[in-house]
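By letter and in written order, the chains are A, B and C; residue numbering begins at 1 in each of them.
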Amino acid sequence: MGVENNLRAHLPLPPRVGEGGKGVEGNPPPAAGDQAQEGRQHAQGGQIEAERKPAAGDQAQERRPGVGGSPNGLTMLLTKLADWSRGSSLWPLGFGLACCAIEMMATGASRYDLGRFGAELFRPSPRQADLMIVAGRVSQKMAPVVKHLYDQMSSPKWVIAMGDCASCGGVFNNYAIVQGVDKIVPVDVYVPGCPPRPEALLDGIIKLQKKIYGETSLAPHSPAPLAREAREGGEGATS
Amino acid sequence: MDRTHELLDPIQQTGEERMVLNLGPQHPATHGVLRLVLELEGETVVNCKPVIGYLHTGFEKSFEVRNYLQNVTLTDRMDYLAPLSNNFGYSLTVEKALQIEVPPRAAVARIALVELTRIGSHLTYLASQAMDTGAISIFLYCFREREKLLDIFELCSGQRMMTSYIRPGGLALDLPPGFEKSVDSFLNEFPARLAEYEALLTENGIWQERTVGVGILPAEDAIALGVTGPNLRASGIDWDIRKATPYGGYEEYEFAVPVGTRGDVFSRYQQRLTEMRESVKIVRQALNRLPAGPHMTRDRKVAYPPRSELATSMEALIHHFKLATEGYRVPAGEVYQAIESPRGELGFYLVSDGSSRPYRLRVRAPSFVNIQALARVAAGHLVADLIALIGSLDPVMGEVDR
Amino acid sequence: MSEQQAAVAEATNPIPTPVVAKVREQFGEQVLEVRERLGETTIVVRSEAIVALARFLRDHPDLAFNHLSDVTAVDYLNLNREPRFDVVYHFYSIPKRHRLRVRAPVPEDDPTIATLTVLWPGASFPEREVYDLFGIQFAGHPDLTRILMPDDWVGHPLRKDYPIYGEEIEFSHNRETVERKTLGYG
């Protein structure tokens, strides 16, 4: 129950049985594999889309009826559970390009302790990572490699452009540097700064988490800029 | 005699079971975006070819379109573990070309800051070297210490890393109140911390297994390959530019130049630890003699007029505007100035055509040359040792590729 | 220049007049020019003589320039100078603590000079860099390929006739034109 309480603290979950409203009805939670599968079916039907933006403080009863015959509350719970777990345990790809990577290391180290936000587990292999922090300038020679790494990561995956160079080329407006990593991979969050302070990177990661919490995570990840969707959906989901 | 082949491609036996392995540019143990093409016989490295350029940023081209003051900001971003060293080397070069002098307060502060940078850089070396060999706690400790240094730099300049604080003519701003106190407290606790790390590593059996006798770089090969800095001294050559041809006032400080004997990974590790201790001594001396006075040269050709004048004098305002937009002109001619950066001989070669932008500014980056030694030291070792070896040469890719 | 600074400059670069004398004696005609400025000595030699000179500098016991600190080049296109390039070498003597700069002019139509890797294997990377960024050939270099730019790159970025490229910067006054260009409407 600890997990559920934790969830309740963060997410607008349907109330428990006995607290009023039709809740989960005591169904045993399905295995993880089932969740994903079930969700994917819904997502392919495109029906779940309608439920992706819960308003702040929303109650389950007010939501639209369930889809595909499964109980509304359960689907919601699973979607939210998947979002929550994905957002809360981001596994960044351990790869640094330039100066920003040093600040990224500092963010992971003792003082700033990225582990507090569940994103400290830098993975050496792109296959195991779901967050790519592009920390530094991307040269023309490196660009194909970055793209390749991104392609190797399995979905759902997110990208943070850390620093001015990764965001827009920074001070290096010349032949050698790709003017922004968004020319080659879709970027979810831009963190400005040269280099961004560790606090700024943390803020970027928290923003991304909000975005993920608000995403219809069971649908295939569609890379969209942070923009409106994340702000509304994300903050709605956590407030 | 032509030893090119021997040094760059040391083992030339024609084994039959050779495998070519690509390491990097994304690899957790390579520092930055270094790529190595390895030829292996089983687990043994037969040949190791560094492939670089994955961080080529076009610094030298960018220098040519910016004026001398703007270029300070670019130098920061080259060797990003020691930004102040780069600022210092660049400023000395421009000052030499301009023939201007730096006020004593700035000169002393520069030495203190550059030596603190050296400590910070060596700490990062230690952190990553230890992490590569599996000692993650050292990484956390070293970064804890480094944060304190970054606090000092931030106090001075407002930025943690890319300070652009040392400029041609002096310092960007005066040293802030509280500078001496924070440096002092750092110096007081740092030696004890260093001893702690040493206690964790030096006598540690695992550490010794991984480092002693691994990756020996003989002195003559080091010279033939152009290796400089701690890597060269660890091989037993006594050459430190701070002592050999002092610059920026180093001749007034007392410090020793430690020299290693064996030239293996362990020597290079000890070399850097000792250098950190010497740096502490230098910073202490600098702190004790820090004079009062201006932080920037009074030479109006280079320095902005003081704020107070801007409000009252039209000429000062115009002059300020000219300096900020156009920059100062540097007499035509060429200069070369080398400093001892944490990684070795960092040289700036400036060719000026008399305008306010460098005609050509070449950076002799120590890492770029040092990394050639990798092929020599890696031959005959296991792949796992190679990881320790890259760390021990301490290359910074920003500087290798520029 | 103040006295102290002069002393420092002197100490940083002791004027190696004996070096120049020895080089002149040995190479006579090949030495085109000798410059002394700010305590730095530059010798300009014919490019054909570079290997012989470097070997002489390295092996002569009084000179002992055993450290080749840098190889680079300068493109004089904008200054309208013939020949167009100078390959610039910095030598340093670790035992004698002196420094020397050697320049070797290289013409545009045949930008070739002999490699120094035969004397210092460490010249390999710097020479490759000069080849990559200036297009100057080093005859006899064991592996003269591009080093910083991708292998299929066209052009030599540090030449003066190579533009810096980069993107046009968008301000409020030119936003529309820049955006149109980015979208490909010219």
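Throughout what follows, contacts are C-beta pairs under 8 Å (C-beta built on N, C-alpha and C of every residue); 3 or more make two chains touch, one makes a residue touch a chain.
All values reported here derive from a predicted model rather than from experimental measurement.
Between the chains shown, work out who touches whom and classify the graph as line, ring, star, complete or other.
Complete.
Looking only at C-beta pairs that count as contacts, which pair of chains has more of them, B-C or A-C?
The greater number of contacts lies at B-C.
Determine the chain that sits nearest the middle of the structure, using the mean of its CA atoms as its centre.
So the chain nearest the centre of the shown protein is B.
Could you give the separation in Å between the centres of subunit A and subunit B, each centre being the mean of its C-alpha atoms?
Each chain reduced to its C-alpha mean, subunit A and subunit B end up 37 Å apart.
What whole-number Å value describes the gap between the mean CA coordinates of subunit B and subunit C?
Centre-to-centre distance between subunit B and subunit C: 22 Å.
Go ahead and note the Å separation of the Cα centroids belonging to subunit A and subunit C.
Comparing mean C-alpha positions, subunit C is 50 Å from subunit A.
Would you give the residues of subunit B that are in contact with at least 2 other chains, written as numbers and ranges?
53, 56, 58, 61-62, 401
Provide the list of subunit C residues touching at least two other chains, using ranges where the numbers run on.
Residue numbers touching two or more other chains: 148-150, 157, 162, 164.
Residues touching two or more other chains, restricted to subunit A: which are they?
140-141, 172, 174-176 - these are the residues of subunit A that touch more than one other chain.
Please output the residues of subunit B touching subunit A within their complex, sorted ascending.
Per the stated touch rule, the residues are 25-28, 32-33, 53-58, 61-62, 73-74, 77, 80-81, 124, 139-141, 143-144, 146-147, 150, 160-162, 397-398, 401.
With touch defined as at the start, can you tell me which subunit B residues reach subunit C in the complex?
2-5, 7-8, 52-53, 56, 58, 60-62, 64-65, 96-97, 99, 101, 223-228, 237, 239, 244-247, 251, 333-338, 345, 347, 349, 351, 353, 359-360, 362, 364, 368-369, 371-372, 401-402
Going by the contact rule set out above, which residues of subunit A touch subunit B in the complex?
Touch list, subunit A to subunit B: 93-99, 101-103, 105-106, 109-111, 122, 124, 126, 136-137, 139-142, 145, 149, 171-172, 174-177, 194-195, 197.
Show me the residue ranges of subunit C that touch subunit B in the complex, using the header's touch definition.
Where subunit C meets subunit B, its residues are 1-2, 5, 8-9, 11-13, 37-38, 40, 42, 66-70, 72, 74-75, 78-79, 88, 90, 94, 97, 99, 101, 117-118, 120-126, 129, 133, 142-143, 146-150, 157-158, 162, 164.
Quick one: in the complex, what on subunit C touches subunit A?
For subunit C paired with subunit A, touching residues are 148-150, 153, 157, 162-167, 169.
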